[in-house]
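One chain, chain A, appears in both complexes that follow, with chain B as partner in the first and chain C in the second.
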Partner chain A sequence: MTQTGAVVVASSVVTGLVVVLLLSVGAAHVARRRREQRNAARRAALVPLVYTLLDGEEAGAVLAGAPAVLDEVVLHLLPQLRGSDRKVLQDLLVTRGVVERAAADLTARAAWRRGRAAMLLGSTASTAHTAGLITLLADRSSQVRCAAARALGKAGDVAAAPHLLAALTAERTLPSGVVGMALLDLGTAALPALREALTSGTAPARALAASLLGLHGDLHGTPALTLTLADDGQPVDVRRAAAEALGRISSPRATDPLCRALTFSAEPVLRHAAAEALGRIGDPAAATALVAGMAADDPGVRAACADALGALGPDGRSRLTQLADGEGPTAGTARGALDALAVRSARLHPMAG
Partner chain B sequence: MREFLTDVILVANWVLLGHVALFHLVTLLLVLAGARRVWRNRHWQGSEGHGETFASPLTPAVSILVPAHDEEAGILDTLSAALGQRYPALEVVLVDDGSTDRTFELVAARYGLTQVTPRPTACLQVDGEVLSTHRATTGDPLTVIRKTSVGRRSDALNAAINHARHPLICMVDADSLLETEALLQVSRPFVEDPDNVVATGGVIRAANGAVTDRGTVVEPRLARRWVVRVQVLEYLRSFLLGRTGWADAQALLIISGAFGLFRRDLVVEVGGLDAHSLAEDAELVVTLQEHLRRQKRPHRIVFVPEPVCWTEVPETWGVLGRQRKRWSHGLGQLLWKHRRMIGNPRYGTIGLLALPFFLLFELLGPVIELVGLSAVVTSFVLGLVHPATAALMLVLAIALGVLLSATAIAVEELTYHRYGRGRDLLTLMGAAVVEHLWFRWAHSWYRLRGLVAALLRQAPVWTAMPRTGFSGSRPVAEAPAVSLAS
Partner chain C sequence: MSHVLVVDDDPVIADLVAFRLGRLGLQVSVEFDGEAGLAAARQLHPDLIVLDWMMPRMNGLQVCQALRSDADPQLARTPVLLLTAKAQEPDLERGFAAGATDFVTKPFSTRELVSRVTAALPPGSVVE
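Moving on to the complex of A and B:
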């Protein structure tokens, strides 16, 4: 073939591809518009029937044979419902074979099929498939692992908690945020597993457990969190999480260890977390440590100490006012915190003054 | 002598041919990788768990940073969109960077600003003088910093970072509109993998021509000008497919300054944005990658193809030329500053793939294209090339370029289909052809000027783009303040 011939063939092939693509775009556009209109009409017809079913009237027979768009409607409603209403929709999905198909899809070849199946089973809040979902925590696809973790959280089977925590450091790991959200979804039933993880888990598990105990406001976790905060051998992320958790739990028993962390730690992130936690607790006994913290080199630590002093009530504000009278960065930070308090106060009490 | 010149011209022709072929091949591979990723994501649509992210107490708070210089045309829309984000905890830090128009006055009137003492949380170097700090009294989490301009966006952003209080910072241009869920979507990688994710970027699209209402794009439409339409296509290709492909290769070099989310502590750790860079967004990403790789710290930079930030793109050739020259100048600065990373396996795919690609095709591309084009024309004049063969080569080059654009249009229609009107799709297809007739060559010329500026080490000049504001919008100042943010 000559050089010109080769170019002619190449140009023709590429041009042909362009034409095929553009024709496909046009066809897809038209088909999508039609599909959307059809599904909208079907939804409009099916939604009243679903509500009829929820009202306890007979509509199951009609819905059992309804088109697939019904499954989307039901799965959208399901997380918003509780009690008998939820059970009615779960039964409808079982009747339509949706749950059975999803369970079979947990071992499908395509990752998205496994992931969607896991999420569907999670949405049905059934604990019947916990074992299958736990297996997916070690799936080769990270998206599937995440979907399985979310599904386990939604399903609410607390037996999954240790597996979720273990997945943080497994060969095929799960990100801590996904595991955290799943464990939060499990509710207070997961607290014993979290307390256990705080004392005997791996470093990522300890950090996550500390954060979650704080978010639950778990008073029983305070002693272990205090020990974790005070332990210099712990990674700084774990200690920071413990400090934040103690602030959320807001027990004055944590004031002293937090003051020590603020005063003696060399890590700005830990000092920052300790100052914020002291502000959340609002114990006036922290005022002296916070005033000392206002001399920190790190502006973030200074700002956190100033905010915390502002949260201590009249005593803290009076200390801030004294500091604001001085010179240098400490005085500037104090003045900034007082201004922020004034703006907030004016917003909350617009008629005052 | 004539023989020597003939050889030179023929070599130049072949270099041009090889460059065009290689560029299209690499881009096609990227586009295919991006299309594959976007196509796969399509199966997961609707199950991303944005509701859970919104409700999760683990979702980190975000400071949205908006540098603004003479942005009276659209600043209220931009703030309205930023403050109206569906996100559990955010603040907006607007930096009025020496505006000479009514930017500050409009914001002050709309949000009832009151002057407060600044509360810095970091001490990055800021060359402009910070004049005053203000807080909104309307209940909106808005802080406004007024400073003198030194003509650099990076300086305004560093001032904003110094006053940001939250662990994540989101940089948004003052002429951009965030979709309501954009922040929630782009922050999802941080929520799910807080230990490793250091930055995420979202999709930017051109807002020119779209119907907007109080900071919300109601209906995306194409603008009337071809110069804008071609840019819409460029953005589609670049954001929807190109960056997705680079991100998949763990070699994402650019997170657009118009919409990017970063870990604040790391940005402070590397000293903030480079004060003298004209490509400060890309510079920050490369600096972070270099810093973290050298320290062997785990990190991931993620591109999220779903969320959308709508931005104004240049509507005239003059403004477009200045913008592209600035980008090219900035790229030259960036590649020179990080030259030791180029081709260095220590920096993984960034060093081995992304930086050489940007050097060869983005920075030096215009030189090769314009020199090659001159050689082709000379060949014609001297009768060295058969006209039919040359014409066929040209058709092939254009067809390859159109194929890339058609792939981007196809993926857009099959996945996100933001353009509901069929005529907009037809126009986009037309733009795919028009682009190669004149836009491409003008673009090369602007980039060449930027390259020359970089080679001559000219002083960086950051010129603000004239704003027209968003079409179809009614003035936000007339509307009541509504904020979903807390």
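Moving on to the complex of A and C:
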């Protein structure tokens, strides 16, 4: 065969392969579209039956044997409903064997199957598989560990709280944000575990527990948070989290310990958090400490003190005005805070003045 | 027959709410984004609007504010029930400040939703 002939044959083969490839892609695309259309039609037919079931009517027998596309609808609805509605959908998933299959997949060889099973069990909000999900918190795949943590939060079994906190410092750790989301999903039922972690947990657990107690506005957590803030032996991150939490809880009982942290701490990050918290609480008793804080070397601490004074009402604003009359960085920070207050006021009351 | 407008960008939730309210003998219209919801409210003058907060184009708060400042006094007074996953205290404050009449927080119960819709409509509007 001549060289030209070989080139022609080769190009014909390549062209043929390209055509076959294009035809295969086209066929797969058409098949997928048909499958999607078929599923959409099935979904459209099944969704009213789910609504009927939620309305207390008998549709379970039909739905128990319905195609798998029904599970997508149920799993989509499940996290958005509660009470008897949620129970009806959970029962439907159990009847269809979805929960049983997912539970079996928790120990599957493939990580994606373990992760998917965890997510599904979380979506079913069943507490029956807490132990299996807790085991996955130590899974070799970080994605599976995250999926298990989120699932434990959604499942709502408060027994998982100590395990989630322990996962912060386990050999195979979980990010604090993931654990925090899961603990928040557990709701106020997790508060006792968080209070316990604040006093006896590891440092990352204490910091996270403090933050979450603050987000919950847990008034009962105030004494333990105050002790944590005042404890010089605690890492600064933990003390800062306690200060922020006390600000969110906004109990005036925290004013004094926060003033002390602002006045005596050597850590700018802690002083900053204490000043911010005092601003959130808005107790005029903090004015003197905040004015003193305006002399701090750290510009962040000065700014936080100025903003907090602005949040104390007329007395705080009057003190800011006095400070603004002076010279130097303190006066400049006070003027900046007063300007910010004026802008905020103009936004809130556009017709005033 | 009382008329309820349901606005939610999640079609499964919008349809579920519409289905449940339809069974109460209410006339129900559904829209899937805030802008379309506001337009429908101006056109249909519903007796109640069930409004999702997080939506594309216009969110529930913006729709609520637009309704409350509408030139049509009847529309400006239409009760609005916000259906939302935002359940923190500041969120409720913002919702009420925007003009919401009441809240149903997600995850929600259709029974609670029905109770709140019934309470927001004139007596006798709902057939249980």
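The working rule: the second predicted complex is superposed on the first by the 311 of 353 C-alpha atoms of A that agree within 3 Å, B and C clash if a C-alpha of one lies under 4 Å from a C-alpha of the other, contacts with A are read in each partner's own complex, and residues count from 1 in each chain.
Here is the rule we use: contacts are C-beta pairs under 8 Å (C-beta built on N, C-alpha and C of every residue); 3 or more make two chains touch, one makes a residue touch a chain.
Predicted, not measured: the structure shown is a model, and the values here were computed from it.
Asker: Would you check which partner chain A:P67 touches, where first means chain B only, second means chain C only, and both and neither mean what they say?
Answerer: neither
Asker: Which holds for A:G97: it touches chain B only (first), chain C only (second), both, or neither?
Answerer: After superposing on A, A:G97 lies clear of both chain B and chain C.
Asker: Who does A:D55 touch here: chain B (first), chain C (second), both, or neither?
Answerer: In the superposition, A:D55 contacts chain C only.
Asker: Looking at A:V178 after the superposition, I want to know if it touches chain B, chain C, both of them or none. Which is it: first, second, both, neither?
Answerer: After superposition on chain A, A:V178 lies in contact with chain B alone.
Asker: Is A:P192 touching anything from chain B or chain C once the two structures are fitted on A? First, second, both or neither.
Answerer: The answer is neither, since A:P192 touches no partner chain.
Asker: Please determine whether it is chain B or chain C that touches the greater number of chain A residues.
Answerer: More residues of chain A are touched by B.
Asker: After superposition on the shared chain, which partner residues are touched by A:S84: those of chain B (first), chain C (second), both, or neither?
Answerer: A:S84 sits against chain C, while chain B stays out of touch.
Asker: Just which bits of chain A does chain B share with chain C as contact spots?
Answerer: Shared contact residues on chain A (touching chain B in one complex, chain C in the other): 79.
Asker: Which chain A residues qualify as touching chain C in the complex?
Answerer: Contact set of chain A toward chain C: 47-48, 51, 54-55, 73, 76-77, 79-86, 217.
Asker: Show me the residue ranges of chain B that touch chain A in the complex, using the header's touch definition.
Answerer: Listed in rising order, the residues of chain B that touch chain A are 40, 43-44, 47, 49, 51-53, 56-58, 114, 116-123, 135, 137, 139, 162, 165, 190-196, 265, 386, 388-389, 392-393, 395-396, 399-400, 402-403, 406-407, 409-410, 413-414, 417, 422, 425, 429.
Asker: Per the contact definition, I'd like the list of chain C residues that touch chain A in the complex.
Answerer: Contact set of chain C toward chain A: 10, 12-13, 15-16, 19-20, 23, 89, 106-112.
Asker: Can you name the residues of chain A that touch chain B in the complex?
Answerer: These residues of chain A touch chain B: 3-4, 7-8, 10-11, 14-15, 17-18, 21-22, 24-26, 28-30, 32, 79, 110, 112, 115-116, 119, 143, 146-147, 150, 175-178, 180-181, 184-185, 204, 211, 215, 269, 299-300, 303, 306, 332-333, 335-340, 342-343, 346-347.
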